[in-house]
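Two complexes are shown next, each including subunit A; its partner changes from subunit B in the first to subunit C in the second.
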Partner chain A sequence: MSKDNQILEELTSKDYEHGWSVDMEVDEAATGLNEDIIKWISAKKEEPQWLLEWRLKAFKTWQEMKEPDWANVTYPKIDLQALKYYSAPKKSNKPKSLDEIDPELLQIYERLGISLNEQKKLQGIAVDAVLDSVSVGTTFKHTLSKLGIVFCSFSEAVKEHPELVKKYLGSVVPITDNYYAALNSAVFSDGSFCYIPAGVRCPMELSTYFRINAANTGQFERTLIVAEESSYVSYLEGCTAPQRDENQLHAAVVEIYAAKHAEVKYSTVQNWFPGDKNGKGGIYNFVTKRGICAGDYSKISWTQVETGSAVTWKYPSCILKGDHSIGEFYSVAVTNNYQQADTGTKMIHIGKNTKSRIVSKGISAGKSQNSYRGQVQVMKRATNARNFSQCDSLLMGDRCGAHTFPYIDIQNPTAKVEHEATTSKIGEDQLFYCNQRGIATEDAVALIVNGYAKEVLNQLPMEFAVEAQKLLALTLEGSVG
Partner chain B sequence: MTTITKNKATDQFLENIAYFSNFQELRNESLAFLKNTGLPHSKEEEYKFTQISKKIEQNISTFLAADKISISAELIKSNLFEGFEGDVVVFNNGLFIEELSSISSPGYTLSKLSDSNSELLGSVAKIENDPFVALNNLSFEDGIHIKTEKGKKVEKPILFLYFNQANQGQIIQPRVLIEVAENSEVTFIENTVSQDEETYFSNTVVEVKVAQNAHAYYYRLQNENRKAISVTNFATDIHRYATFTSVALQLQADMLRNNLTLNLLDKGCVGNMYGLYLLNGKTHVDNHTNVDHTKPNSDSNELYKGILTDSARGVFNGKIFVRQDAQKTNAFQQNNNILLSENAIINTKPQLEIWADDVKCSHGCTTGQLDEEALFYLQARGIGKEQARGLLLYAVAGEVLEQIAYEPFKAYCIQLVEDRLGSSF
Partner chain C sequence: MLTIKNLHASIEGTPILKGINLEVKPGEVHAIMGPNGSGKSTLASVLAGREEYEVTEGEVSFKGKNLLDLSPEDRAREGVFLAFQYPVEIPGVSSTNFLRTAVNQVREYRGLESLDAVKFLSIMKEKMKLVEIDQKLLSRSLNEGFSGGEKKRNEIFQMAMLEPTLSILDETDSGLDIDALRIVSNGVNQLKTSENATIVVTHYQRLLDYIVPDFVHVLYNGRIVKSGTKELALELEEKGYDWIKEEADAASV
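Up next, the complex of A and B:
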């Protein structure tokens, strides 16, 4: 075994750093999925009638749908009836300040390096921390509310801004959209809601950290971001999850609505538990993310760094409806061991002079499978649409796979669409060049991978970029054999 | 209207097609397969943009083999392009006609499939790959089997001339099996002649085995009538150090679907695929190519270009598979399209699936229109707008046509393309 292989071995056999769980009393729904459970969840959350009806409608739709099988991933069938659809830390009263929050909970965040206190304030991030399903703490609310910005948990939004929720919920991802979106619509537990009024530029990065904690609980987050005319918001989402032996399902829905001249930037660092080195355990991450550039000159930008999950199935998309609107997708997806990722984007050009840009960088190592699946669609009346797509794959080791499935559908002669893809491994000459100049192979790999992913990492907000770089280095250092 | 897709009255459709008593094993296997799957419906990924089954259901009323038409020596002569010298293999509605063909060149033999009983038949084009292979297996009447001699080069090209004409859109099912023996070389040219302007449905299967160190070239022209519906499954097994080159030119039909499969089975083989589709009217052309690299050090090159106007629709799907053992593979794929009208549509999907790490694979795909600046440049130098457009379009097409190594055929294709670009584009 060469030295490189040893390094790879050491790294890949490393236990998941964030893998632990804290025993807490939880308030759970009964196992299984039926109308009664949905009614129970809705009642538990004190939801209005219209939302319950909406959930039930989604459930009916879902019952008639089939689990999709087109993605390039394989996993044992999930028994959705064996899951619990609601789990919340038991609390009789809603906490009003951080002091009231369970110290055990705070401990979790500390171990993750997330603190809900002064430190965060200094960094200028408002954190809406989600543990399992209920929002437990929100900071910076006052600063934001002065500007008219609403940033709160989804259940709070339902109570306090029902008219906004009613107007935008399901407007970008309808309940009929796909199997998991329908399931989410029926049973979503909580999530984040963000509303930026017209003309407001959100002064800080909005951020939410998701954690999965209780065993056997599917996590069904629902995020809704509405940016009114000429507003701007940058939203951060990050995930870490404790080690589990059973596969856990995560089927979130994220909806973004951008009005005229509005700009929304959505960044994700995803590091769910990927399963151990034999492919045991790990999170199933089946997410529907979509934004609509509804107004002219609006812009939605997705940036993601995907390093975790046993199976990922995720396509953040943009519907470019407004004239001159812009959609962007920047992605780094890293898979190792037995991970499988089928990820990409959809850019649907409807308005005139719309532009989109796709940069996808896949890195596969170990025995993993990494797929890019993307669609660029130019509708008939989308004159002068412009798209540039680049999807590169880097293979490390001869047991992994890299796949590309781009769909390009053009119905307008003025469209200019370009797509490029390459697949290669880290060049031996590049490594040799670095070695020659006194850079160890391991460092050279980190250097090259970082350079390879730079185009995407550059798009991340500062705080995230650091975290993402660490994650990349951790997952891949020395994995060239 | 006869229903032919899955979940519908497949059995009834299968009862109404022609059966022959030979090749029983192949036919039984295919019948079982078709009973199970039916022909592809529009929800199937591979036929998402080309609803060929619907087209067939709407236009073809009988699935009996098309009646033979009368073909004279003069007709054949009039369909040879200028400067052609070589053997001509004539097909009458898909069936080989020995009397009208001229098979005299040294270096190869040609026999009917019913006489040769080759075990190779059905092993290169697999039914799992496409239900239309099963349909052809099930009901082709007879086909031809060409074998080259080891170490010989067939000096002159072999021309396949297909004369098609059917009543009520009957079915035409040519079947060709080609064995290119070790160290031999051969060139094929295929041209389809529609005898009238009426609908027919042709479902062709061509199987080619290129043995060690052999070289084969296959040039195909599809310029059929505006009601022609055609599906072709062209499958090739390429062995050690052998090369196979395909150049396809598609100009006209109602709906064309071509599945081109190259299995690179051993070290050092090379597969080249070139295609040009120049479409107007309502022509719908779908090219699915599939290259499978299974062993180290093999290369594949692919270039497909399209120019579309009116309500034409082009579909391109290029798959490249690089298996775990296929280290040091070079695989390149390029698809460029130009849309000239509002109603033209292009759907393209260049697809890479790679399981080996020491490889160089890339694909590129563009869709756009003519460069305004290039047009202006030419106009500024005194070239009229129409002429400048033609010049630029021809430059796009030329790259593919250049790949035809047989000069008289290249000249003929260039003429066809020039005429097309000069008239309706």
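Up next, the complex of A and C:
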């Protein structure tokens, strides 16, 4: 074993920084999954009949589906009947201000460095914090509502804007889409809803912090973003989860709808508990994210920094239906220890003169496996479609793996599709050069990795970019190779 | 300041340095010359703490400390600077950002407070003048796509920023055009004080017209086989290495 691998061995044994949980009383569903549970959830949330029916239909569909097995990941089969499908902090009345919020909750945010108090003051970020399944605090609502922007929890949207929810729910990711999306549709607990009216440019970054805090609770977030004609919104989602011994399932669905000339930027920093250094525990993150550029000249841009989860299965995609519409995917996916990530994107060109850009930066350390899976599809009527894909892999040490699976399907001869891929290792030369200038190895790794991922990090809003850089450094602490 | 005693070092089991002795005092400039493959860069790397090289025998003390006990970064923080013969490229990291990290880590080690962006920039501006380096170059990714000469100039700029006590310049002159050679040498000379010392590794006596050495050593086959004053460099320029090799080979039989 080389010296670098020894260092790697010693130092990757860092424990997860956000690994703790606070005991809280919860109000939860009985264990297992059946029609009664779904009815119970729906009743608990005081949902209208149509939504209950939608859930039940999704449940039926799901029952007939099989768990997908094509991803380059392996994990023990999840016993979905052993999970609980709803849990909410036990506080019957919704708080009106932060003062009314359970101090224990506030403490969690503080320890994560994202206290609402602080966030409220900071640079105009509206925060809709989701703890477990129910929103516990929403700020800046007033400013937003003056512009006609709706930004609230999904449950609230169901109550206050049922016509919007009914119109768009499942319109981008239908219940039949895939196994996890169907499951989510049946049992989704809560999430965020965002509506930007025509012509409105959302004046602040919208952000939501997700966090799992109840053992054995499957998490099924549902997010729906609708951007009407000529509107603009930048939406941020970030999460960290407490350490657990059992694997936790997270199967979220995010749907984005962009009308003519609308632009939606969706950024994620994902840091679910990845499992300990022996590969024990950790979150299973099986997410379906898709946006449709429905109108001409619309644009959807996904940026993700994926550092967490034991197993990640996630392909934020764009359906480029409108002519001249643009889809972008910028991703940094880091895996360490025994993590497995199979992530990428799909760009489906339907409209004329549609463009897509894919920049994927994989970083693998420890004994992890990191796969990029991307599909570029150009349909018959998509004249002059353009795609550029750049897929880079950075390896740290020699026990990890990086894999690239590009799928290209072109049905229109005018299409121009470019694909570039590189694989590199953090060089001893680079590390020594940094050391020789007085930079410690850990900081050198952080510097080199952040440089490597720069093109993606640059896409993030400023304050998120700084957090993301710290997160990358933290995740890779000691992974020299 | 630097005392090297009977230093032996090998790489992957192959001995390269075979008993180096050298004493460098504050304020001195030492030139090390010698044929290709004689071990000049190896000596520089061993002093800087490159882990691939195994020190099999001998001692190195620097400012009274056992240099060989220190990690590469601590050697740098103690004031050892190596201008690389082949500077490394780091994509996506600007020279500015890189240097700021370096300078602040060195300062922290020395118990100084870290420089804020404004202070750092003003020091940078001042040092940029010294080697006439363009700001644009410094905002680009470190050494990526730099010309050979630009890389070398950037090394000396970094040296200016880090203010080392012992600078080892490994063939900094190769790749520099005539004007750049003068500018870079000027920079090195201006950084010279009575407290610090410089070791210049070079093949060309021309550099020594600019950076005038107090001593010239010839490294051959892992040993310093001849030492003298700057006149030795002139002699080498004229006669080449054969006569020294013969002398040395005869002595070692």
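By definition in this document, the second predicted complex is superposed on the first by the 448 of 481 C-alpha atoms of A that agree within 3 Å, B and C clash if a C-alpha of one lies under 4 Å from a C-alpha of the other, contacts with A are read in each partner's own complex, and residues count from 1 in each chain.
Convention: a residue touches a chain if its C-beta (ideal position, glycine included) is under 8 Å from a C-beta of that chain, and two chains touch if they have at least 3 such contacts.
These numbers come from a predicted model, not from an experiment.
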Contacts of A:411 with subunit B and subunit C, given as first, second, both or neither: first
First (subunit B), second (subunit C), both or neither touched by A:436: second
Touching partner for A:452 - first (subunit B), second (subunit C), both, neither: second
First (subunit B), second (subunit C), both or neither touched by A:401: first
Touched partner set for A:70, first subunit B, second subunit C, both or neither: first
Partner chain(s) touched by A:309 [first = subunit B, second = subunit C, both, neither]: neither
First (subunit B), second (subunit C), both or neither touched by A:393: first
Touching residues (chain side subunit A, partner subunit B) in the complex: 70, 380, 393, 395-425
Sites on subunit C touched by subunit A in the complex: 48-52, 71-73, 75-77, 81-82, 84, 87-88, 90-93, 97-99, 101-103, 105-106, 109, 141, 158, 162
Residue ranges of subunit A touching subunit C (in the complex, touch as defined): 3, 427-430, 432-441, 443, 447-448, 450-455
Subunit A-facing residues of subunit B, complex: 45, 49, 324, 327, 337, 339-342, 344-369
